[in-house]
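Before I ask anything, here is the structure I am working with.
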Amino acid sequence: MLSFESDYTTGAHPTILQRLMETNLEPYSGYGSDPYCESAKEKIRAACGCPEAEIWFLTGGTQTNAMVISTMLRDYEGVVAADTGHVNTHEAGAIEYSGHKVLPIRHHEGKIDAADLTKYLAQFYQDGNHEHMVFPGMVYISHPTEYGTLYTKSELEKLSDVCREYGIPLYMDGARLGYALMSSQSDMTLPDVARLCDVFYIGGTKVGALCGEALVFTKHNMPKHFLALVKQRGALLAKGRLLGVQFDTLFTDDLYWKISRHAICMAEKMKAVLNEKGCEFYLESPTNQQFIILQDEKMAELAQKVVLSFWEKTDKTHTVVRLATSWSTTEEDIEQLGELLSL
Amino acid sequence: MLSFESDYTTGAHPTILQRLMETNLEPYSGYGSDPYCESAKEKIRAACGCPEAEIWFLTGGTQTNAMVISTMLRDYEGVVAADTGHVNTHEAGAIEYSGHKVLPIRHHEGKIDAADLTKYLAQFYQDGNHEHMVFPGMVYISHPTEYGTLYTKSELEKLSDVCREYGIPLYMDGARLGYALMSSQSDMTLPDVARLCDVFYIGGTKVGALCGEALVFTKHNMPKHFLALVKQRGALLAKGRLLGVQFDTLFTDDLYWKISRHAICMAEKMKAVLNEKGCEFYLESPTNQQFIILQDEKMAELAQKVVLSFWEKTDKTHTVVRLATSWSTTEEDIEQLGELLSL
Amino acid sequence: MLSFESDYTTGAHPTILQRLMETNLEPYSGYGSDPYCESAKEKIRAACGCPEAEIWFLTGGTQTNAMVISTMLRDYEGVVAADTGHVNTHEAGAIEYSGHKVLPIRHHEGKIDAADLTKYLAQFYQDGNHEHMVFPGMVYISHPTEYGTLYTKSELEKLSDVCREYGIPLYMDGARLGYALMSSQSDMTLPDVARLCDVFYIGGTKVGALCGEALVFTKHNMPKHFLALVKQRGALLAKGRLLGVQFDTLFTDDLYWKISRHAICMAEKMKAVLNEKGCEFYLESPTNQQFIILQDEKMAELAQKVVLSFWEKTDKTHTVVRLATSWSTTEEDIEQLGELLSL
Amino acid sequence: MLSFESDYTTGAHPTILQRLMETNLEPYSGYGSDPYCESAKEKIRAACGCPEAEIWFLTGGTQTNAMVISTMLRDYEGVVAADTGHVNTHEAGAIEYSGHKVLPIRHHEGKIDAADLTKYLAQFYQDGNHEHMVFPGMVYISHPTEYGTLYTKSELEKLSDVCREYGIPLYMDGARLGYALMSSQSDMTLPDVARLCDVFYIGGTKVGALCGEALVFTKHNMPKHFLALVKQRGALLAKGRLLGVQFDTLFTDDLYWKISRHAICMAEKMKAVLNEKGCEFYLESPTNQQFIILQDEKMAELAQKVVLSFWEKTDKTHTVVRLATSWSTTEEDIEQLGELLSL
């Protein structure tokens, strides 16, 4: 059945599987010490324009978020995030499981605003009882956000400035970073991200890998004995090559950007079709996730033919649904969708 | 270079890669809800002779151990293990990170003894202060052990009886379970394991998979909302199919057993060669890991030509090294090893 | 200097010190096994009209909240609370340190509303992704709230009904419970509290004790091996008698209620004086904490003569301050306050 | 009934209760900011000969141990302790609850040996897999030990040297520190302890206080925002004066030392009586805890008349029991014990 359910419904980009096959018999020590991990790190450092970046490969987004937050914060600190941020809503409490509070501030289409952040931080230190409160020790943003929206470079600069003023790291969850940077609305590059953030990850799982995220520390700030910390949290793969080969492939011949650009093109075509068919958009997303409002009956009918993601109810008879494109979305898929919407 | 460093130095068995390729474009919902996960579970249930088994796929051994222990124990409980047990020694404190103590008892070539266990449990409840102590809430064993040794069926029955007497689960770490059950010394079957243990895992990473362990609860005892618990611990893969397809393949046409049997055959040939060359064995292992004692100079010399694992020093001039076979070990590898030892 | 800073600025009610002295030389086993703990529990059971209540004494409020929440919730659960709730704001992340999320819902003068709660719970289970979210596993309320306000019996009944419908415990933080029940606005009794809540604590620290809170489980729901859990969290006093004697004294001859009633009387007189002097109240509080809005200059001036608590800024030139009465507040203190306000 | 059960069976030294009464009505801000806390800290700094010492008051020993260990260790570190150490045996897993492993090494009458420690640390760093293991990040000792035994100054110097060589703090659990320093066998002073240890606590609960331990950081090494960390672990008393007044009293006119000396005198007399009556000592203890081996029948008989502590079984018919003296032990108590033993 036709599916726009998400960007992780199909397997890996074929080039990745191809490389896994080609390298399969080469024997390597485990735990990330193999030459593909090294090569992938080198290529990512180059792509980031950040030769001093320290990089680690992990298997998934929630794991990576919990790893960053739990290893970079001190016990008395929490992480500031949009109330809609993934760490605050859909990680089953992984951050709290690691002992840290998520400090939510209101979102604006999934984004946090530098002025709101400044106000929050200023008030915190003004409060006479702040030693009884959770210290804001990091700022978490997702880019694109959970709503597919993007920060402008200027917005990111402002957030980065606030963080530096308060001496706390800015962390970007880049589960879908490729789609952000390849969006026609983006005015940012990967080196901008590396410069403005203190730590971020380049999502693989949702951008063509079988699994895997590349975590990048850009300010000589990778926690000491990170391997031990990763092992302790159950996140160390024995066959680290599985992640090394994948990211080495993604960052060879611009594959990561090609996959991202492809999904963006498909999303743009999908948007055109949705518009043409008179669909109401929930918000304007410039990336690979599109949100439309459907009458519940229409949604039920459509659900017979195409897999979509339930997002939320807007009222008793309408629902927001999400349609996502990926490396494997084809023009035919979009056409079929158009036909289904015509019925 | 020739390598006997471990059973996770090469990639996956080719049939697994083949199946990943064949199923790559099929779109499935994530998080383990795909039909390959279902099919793999069904096959494992059948292989266990345990139709009611509840099964979950995870990516690695330490992750699986921490998952089982942290979700099955109550806060006031710890896990009893051999002092040489993986959970007590080489998991970077993953069990303690989850809040639980490992309660070590002395090992006998990596195994725990039912009499020692009984004594430990009896003394615990006899101690007037036991409410101030960590309650023994589970027994952890590895099979094969970290030294490659095996429990006999009778030994496992005794441990199982003690656990039932005290009402605590018996958990088997089966990172290399295939090698245990395919050993010519084994008098146990997978249904025996399923019957005698309350929970165990069938290791994939070290038995031919890219990554992955199949966790099996055999007594209607999978913790409630296990998906949420897995997510919370950062162990939920979005593309759950990666694990589903692998285990479905491993449990089709006996692939798991064939891989295991192959490594055991290679280990037996390797043992013969080592014996022939006059190597001193550290202990008698009937599985795919062999431990020999080398003079440090001999070890250094050999290390130029073949990768081995440092295990431990026995005295100032001798070292125990481990040699492991795997799905990818060939007769030529063994012959080459023999030649190197002849020099 | 005159102080209305809080209800924990002076020591203990003299009768308590007297009893500590009288019982000082009696030798008792530790950890809460002494006869005063037993006697205190018996008296509290009687006062609650709940002969089956299970009771434990702890030293402070945050400790008690963390104890209840961390021992009653399952790992995948969090606690629903007003966004202004003490557990969400002023416990330095104690709840998250124990691994659990506080799930904030909007407050109404410090209280949560049964309709808001129902909506929250209903939406949670409606969300298709709720297995990726933190389960609402308990409802936390404070009575009086952090703003000194009170639930009516009818409001509490509604909250209790919602909790029972969803099968989750209702927990009342009664740090100042005496002041709630002795307020002239209260339409509730301690047996009402015991009946409608599943667990609550009767605050001692803020109601005349040196330290100590009496935690009451009313539904045969005290977690198993609670002593071990308390010890594990560092909350078990060797000389448990310190808490036993205090609560035995507080629940002898209605001392707890007399202390509470006294502070309420003083608060009513203080309110009259504040009104008379034209002070603007931030909100209407029927308990021992009163909140007034002062011009910053006036506040600074007053702060030379009397200790008040900074609460929060309302705008650039005004501040909310809190004045609290306690067992040790005298009519003279109130008169002096009146005189200072006249200047 | 006569009791030698422990040193925490009676209340507080009368001078402490007296001072609590005298200061009862003075109003002070909470959480340890009162002048008695300040004064007590000043006196303790002087007694330690360490003007730069940072001090915090907590309520109990397990709480203090968990506080020190969990706030001073990094996530990847554990604490080395004697296998008989309180943190390893009788704290209900409080250290593991905070996420850290206790790394046991063998004890010698409750003490650890510098040579064993050196060997342990050297082997750890020699192990090629040590990044997969728990790093030794602190050394815990108790003085006196759980068996009442004492380190000599030379032994403590050696442990201190090893810790400095490896750059890890030496932590002394001084639950009964007074009894150590007032023992006629002691060749150490409090300034020696302060100089040789990096952090230690001066026990109050077992040396005449109602509750309370004074935690002393001697090397500018108190963790940042310690108040927040204490609050987060539920260990912050609102009426901090309760601890301040007690320690201020204990360190005025040498009360702490007088109490300790008294209990030692009583222990010496008790030893003489026990010897005289032909009791077999389990080991030679120079402090306030004495351990004797009794035939089970004799023990049962004695238990009718005097409360003793069960320690452990030595064989099927004999048991080790502990007798402890304290501030409240009298010569009459000792005489009575002698009489009971004569029967």
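Read from first to last, the chains carry the letters A, B, C and D; within each, the first residue is number 1.
Convention: a residue touches a chain if its C-beta (ideal position, glycine included) is under 8 Å from a C-beta of that chain, and two chains touch if they have at least 3 such contacts.
Fair warning: this is a prediction, and the values are worked out from it, not measured in the lab.
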* Which chains make contact with chain A and with chain B at once? -> C, D
* Starting from the Cα centroid of chain B, hunt down the chain whose centroid lies farthest away. => C
* Numbering shared by both copies at the chain D-chain C contact, with half separating same from different -> same
* Could you give the separation in Å between the centres of chain A and chain C, each centre being the mean of its C-alpha atoms? => 42
* **For chain C paired with chain D, centre-to-centre distance based on mean C-alpha positions, whole Å** => 33
* Asked: Approximately how many whole Å separate the CA-defined centres of chain A and chain D?
  -> 50
* Could you say which residues in chain A touch two or more other chains, in rising order? -> 75-76, 91-93, 97, 99, 131-133, 228-229, 231-232
* Asked: What part of chain B is in contact with chain C in the complex they form?
  -> 70-71, 74-76, 99, 131-133, 135, 224-225, 227-229, 231-232
* Given the complex with chain C, which residues does chain A contribute to the contact? -> 75-76, 78, 89-93, 96-97, 99-102, 104, 126-129, 131-134, 310, 312-313
* Asked: Okay, in this complex, where on chain C does chain D touch?
  -> 1, 3, 5-6, 8-12, 14, 17, 20-21, 23-30, 59-64, 66-67, 91-94, 97, 205-206, 210-211, 228-229, 231-239, 241-242, 307, 328
